[in-house]
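This report refers to the structure that appears directly beneath it.
Letters A, B, C and D name the chains as they come in the text, with residue numbers starting at 1 for each one.
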């Protein structure tokens, strides 16, 4: 006999109903090429729902979402979570207020990560949309979006992210040649941060191409 | 007992029915990233309907639209209007024939505003689409689209817009690092102006990238 | 009493049913900004159906299509045809086999027309898609797409087009700062020519930006 | 009396149901301009289903799909298969595990093919998305995507592809001025390879434009 899962299945179904249209829209925008990218939402103080690795994000259904604990282990599921799950759970463990983590691979994100990997961050200043980040109330501010070296060794990557978080308030980072992680208190805030970062990176790259 | 609102609720519902599909299409085009941008339509000689600040424009519903008077104060609503409301109402107060104001944040608009802020305008000439602006009948004309410095102080921004309007007939302006304001007698005309300005800025930026 | 129209109203309705989805798709692609562009289809040897000037092409309905004779005069309609109608009818008069004329304003078309107006044509060679033009069977061919100076004087423009047509077989031309005209025996062929020209102009502009 | 076709018609109908939505999505992305491109899926060890040449890929229906044998000859069909059919069947003949071949013409594919034809390949390194290719488990790898000269002589092209395949494991190649061939064990894998190659070519071209 199957055990009762140690989380609220009604809430899981509700979260899936929120994740699916958002993930499909991000796929439609071309930010999840070749089944890349993964998306999660906190379920409770010990669990999160996350997209199963390798699924086509433009066709996401409830069957493409699994539950993990905050150590990144599968809960009530036969699926093996993606190695990158650790980059989601470290945020849920560290910040009880964080409810949603989005990882995407748009062309702007990938190109900017390659271009700015050498200096280690993308400097963003002078944009009204800097107000989109939770806590900002004016465009007259600056943001250094970190760029980390890519690695298949997730504990190393996670340790680098933790070191950055010790040092500053931040809502996202790039990984070189790879993509963007961003997060928020809920899907609406995480998506607002994602759209703002994608937009600002697009502006920076276009300005760079025009300024030469 | 709730008072009867001092405007025609039937007309409000009708305007919402016109605003919603247009705003969703502009969101779909990527011109309202990260819940930015706001859109309004004149209701009568003392009121306008305007989108509530911070709402996802791709999911706009009737509940995301509020009524303001032409001083920018909320009417029959608990919501606080956006600080930028003043940039809408100054146009309705000044021009009785203006019926619709659109404020967007496309990448082309933002990049052009940064690139041309120094000289204070974008010079547009030699395009058939200059005929799209109300009053123009030939492509053999020129248009200087003003670029204002960005500010969180709306009365200052509004005073600068008023000074420009004293000086010339114009259908739009950019704010540096921020976006575009454009308007028209009705939604159809305002949207025609918006599409024309977005298109012309896109052409200018592409030509600039190719010419150097 | 209203007279019976001098054309087959059943065929008009059938053509409208073909024009509408194609025109809406071209609008969706962003090739008809600010109510620009116009589209026609031959009705019989003396008439054509054409979109009414100034209508939103993304919302085109049967009411946005009128009938003209091949001198460009309205038939059975109160609407005044666009001045550019002459550029459609000259093709129907000259080539009995031509069934469809498409005029669009994409950013690539406008930018290419400005960039190549000085030399008077865009040279296209080395592309498999040159096979898309009726009569071509190999990529190992060349095509000079003419660029005409823009003018609001349609008889002058039409005379320039006629002079070009005396000289060569061609399936389209650009007007400087304005857009593209292309045509074919039916909608399928005209649209194939339109998509091929748009694609080839996009490739040329991207290659030009990369080659500097 | 019509003979019973020498393949499983139920499986053909099933494959058509898989091909049609994928092909329409690729058309929607703009990767099949002007009725170009063709798509196939293995039916059994002697047959494949393939799109009929010259059909609008955005409107693909069951009637736009025919059956060929692995010599590229039509089976149970009046339609003449495209000359390029040979580039599909050579893969099905050579690799019993290959189930799907996709040939597209995006602008990035065409521009990259022109730009890198001289050196004969596009070198791809440093991208997380290199993991998208079957058999790769790390981004710390490299891929040389071959660029072949264009030709209307398919046996010559096919012989060049065969020579490359003798030499290496590969999942795609470009043809100069033409487009991309890619494949996989099934539609999901072939499409993953297609999206990865399109994305990586887009990144390379954007980086090249920014680096100079």
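Assorted remarks:
In this text, a residue touches a chain if its C-beta (ideal position, glycine included) is under 8 Å from a C-beta of that chain, and two chains touch if they have at least 3 such contacts.
The model shown is predicted, which means the values in this text are computed figures rather than measured ones.
Any chain touching chain B that also touches chain C would appear here, but none does. Looking at which positions face the partner, chain A and chain B present mostly different ones, since fewer than half of the interface numbers are shared. Per-chain CA centroids place chain B at a distance of 45 Å from chain D.
Distance from the chain A centre to the chain D centre is 32 Å, each centre being the mean of its Cα atoms.
In chain D, the residues that touch at least two other chains are 209, 212.
In summary, the structure contains touching chain pairs A-B, A-D, B-C, C-D. Every residue of chain D that touches chain C in the complex is listed here, in rising order: 30, 33-36, 56, 58, 105, 107, 110-111, 114-115, 150, 152, 175-179, 205, 208-209, 212.
Those residues of chain B that touch chain C in the complex are listed here as 25, 29, 126-129, 132, 137-140, 188, 191-193, 195-196, 198-199, 202-203, 206-207, 209-210, 212.
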